[in-house]
């Protein structure tokens, strides 16, 4: 066992998979010589060479699209999108090619790639270095959308994704890169895709969250426990497909749900989970489901008071939980 | 001057009602004639309009409580008026009831049979969340026994769970201090659901209890005999086949046999007036008007709707009316005249395929005609075997008033009119 | 080969018969087959036998048949919607192609995709989407895979002149140039992108000029001259296999019919079509072969008979094939054995 940061866990995952399977390669902007703008790919090019750690031209479309073609020919690419804010030039290749090639070819082609995307706010990144747009991809059948919150999950999920035959989009929250540390085993391990995990058990209310918001939820749960409210905090880990069973079992136990998402409210993942709970656990609800989200504005305005106002945090989660408990 | 809100007389045989929903909260303003509370009887739910403008100063009887007719259930005051000096037991029973009036009660103490005193002023029994409703149903809980600790006195899931923890052996409730009729409303305290996999305990609905009472009363009062005949419906079938499409097109209504059967029945009733009567201990009351009752099946339970002055209405008018009444019955929106005052009733078991039955008389009438499925059968007509659409008719009659030969002959006239529609159709269509 | 050389027809005289009689005949067979099947499909469409729409490539056969003929089965092909010649020459059985056009379960795509999107892993033809130039990037990725793996397979990317206006096309070309990828890009400039003439698509006339911007060879040729296409593409493929990087071959050609079968193509001048019909690649090549004693009328008759027979059997197969069952819509979203419950959970 040793302690690693969130980003170290990600680097390790890539390194180990590239060592294990020569079909795995990475491609992206600044990832080779520079080792990545956040140093996620540090040391990889010197170990594996420039044909397995490829510095790409400034072209998200190409980064993803060339990976689709390579994956179709049997390789296992791990393309990187430097900031989720720049994913839009690559949308056609993600949504029309990667997600659909299997389906439109009647199951003939596989696209076993993993698109790593750096996302999220609370870093003063402003409108184009803080975006969190996982909802666009949760709405895209054929993709697997992954969003870890802890180093152990980050490593295990990335490895699982690289080994999986489906096109995966893997969101890494930049705020977590160096702020979250965890002890992880030295052995080779994976974490199953499509499975949420209860990170804190409780009987009074179910909180569902992911990425940075998962940590905010744990912070809120800690404070609420001192006031006698026991929160069950579920880390979604995979956003598509959704692990309905874990969430529903918890809500049936507590009768109350608070869902937290960093992204703007409308059309987000929290709305989807809310609908699932209402459809499948209606008779167990003792209070309306609450969502704690950002407002419906472009994410995220730059000036500190604006950003702070915009982002959900532990206090806002506590408030929502208390209102739910008081219903 | 504060005035009481009382339960009014709601139908001649009704002696009690249940307080349904309070439509205003304590302290809330009320306009004159504005509905203030809902009272449920065995027949319908009625909204009571406020006698004057003012404020609902006090709710004396909570929801889901059975109250006798004339019971004071609330106090209406003028805006700003204090009711501190009003004692709850001051109102007389205003309406005549068939039983001795009971002293008015402020709050029925029966609810205190469990160990927890329920603060009914504070508990809100209307906002029941899905989880609460499910637990109540699964555990057969009387929610009037639960204190609500949620916002606004809401009964929360935790309140139910806490109650279930505390609930021990089933307690026999004290006899409720409310007026009784000859039919006792069953007050067995709900036993905790402990049934194993072989039994399911499902609480009876209000409507079902009332239907049960009605049926028992009818059977215990009238000695029932059922006699049977069959009608050759060929002529009516031909008429209907010919007319049903133009009828549908013109009136957007389905043309059924029921209006024709009603008409034929009335002609027969005119010839045998005792079938259109009711009885007291000393007299028979022969009705000179013809309000036909028609049984309507609903998921929630049977009800008889009434087509008044059926003899004066055309086939088209009757069709329209029975359609409307059927819809209203299923939507539970019937008014009192639509469900009382019938003089004779027809019940159609044929729509479900029955060939014969022994219907129960709709008390206080003395006869009920059961009609059944029209079925092609081989019959003998003028010494030939032919195929005719035959309909069985089963007439149950009250043998206190009606003797066998009278009933049989009445039924034969019904048969005659059904088989010879040309005799009467020309007069009235 | 110097950059931007336009090969004139005198090349053909220098390299008379750059292939054997056997090969020439075979090439003619595929051209004839593509033409015959294409016209037959157009007829089937008018008879209401095909579903959706149909994109005819009659007139452009040389641009797709020849490069595919020159490729190996392990080379990757990235077609768009008018590359029926690639599929026929690569050997996708006609019966499956027709079943695909009829949206039957027996089509390569099991009825999932839009008509004329022929493809399959075993044929190494990337089943296309409808977004133009998207396939160009994808097949460029295939070429990248071959380079990473050190295999001497190549990629063949097909697109029209209209697709070259898409950003993705430029990104693909750029990357191919940077990485010297083993790929040959075939641009079929048929002067019209649906109803938009080439002059509105680009300010240049010869699209092969664009290759220079990306650092590799671009050549413009008569796309209806089978031999010229053969010679040019053969050389480009050899270059790619040797690791000398990509080539763009712009084939000037013309589609006889509308963009799709419901497009009458009234926007084109009538005499333009007539002029191009005179340059029909098939009779020109037929004469070329006949002049060199490589093809006899009897050969052609037999080829036609074989093609007709195969077509008839293929139609029979496709016609009798079942449509997919409704719930099959829920299949092939994810890899087998993964997340199928998630997709099928919608049924509840």
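Letters are used for the chains, namely A, B and C, taken in the order the chains are written, and counting of residues starts over at 1 for each.
What we mean here is this: a residue touches a chain if its C-beta (ideal position, glycine included) is under 8 Å from a C-beta of that chain, and two chains touch if they have at least 3 such contacts.
Quick caveat: nothing in here was measured; it's all calculated off a predicted structure.
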item	value
A-C compared against A-B, more contacting pairs	A-C
Label of the chain whose CA centroid is most distant from the centroid of chain C	B
Chain B and chain C, separation of their C-alpha mean positions in angstrom	77
Length of the line joining the C-alpha centres of chain A and chain C, rounded to whole Å	40
Centre-to-centre distance between chain B and chain A (centres being mean Cα positions), rounded to whole Å	60
Contact set on chain A toward chain C in their complex	25, 51-52, 54, 56-57, 59, 61-62, 65-75, 77, 89, 92-93, 96-97, 100-110, 141-142, 144, 164-166, 193-194, 241-242, 244
Contact footprint of chain A on chain B as seen in their complex	129-134, 150-151, 154, 156-158
Contact footprint of chain B on chain A as seen in their complex	255, 282-287, 326-327
Complex contacts: residues of chain C adjacent to chain A	76, 78, 107-114, 117, 119-122, 124, 126-127, 129, 131, 134, 137-149, 155, 167-168, 171-172, 174-175, 178-179, 331-336, 338-339, 342-343, 345
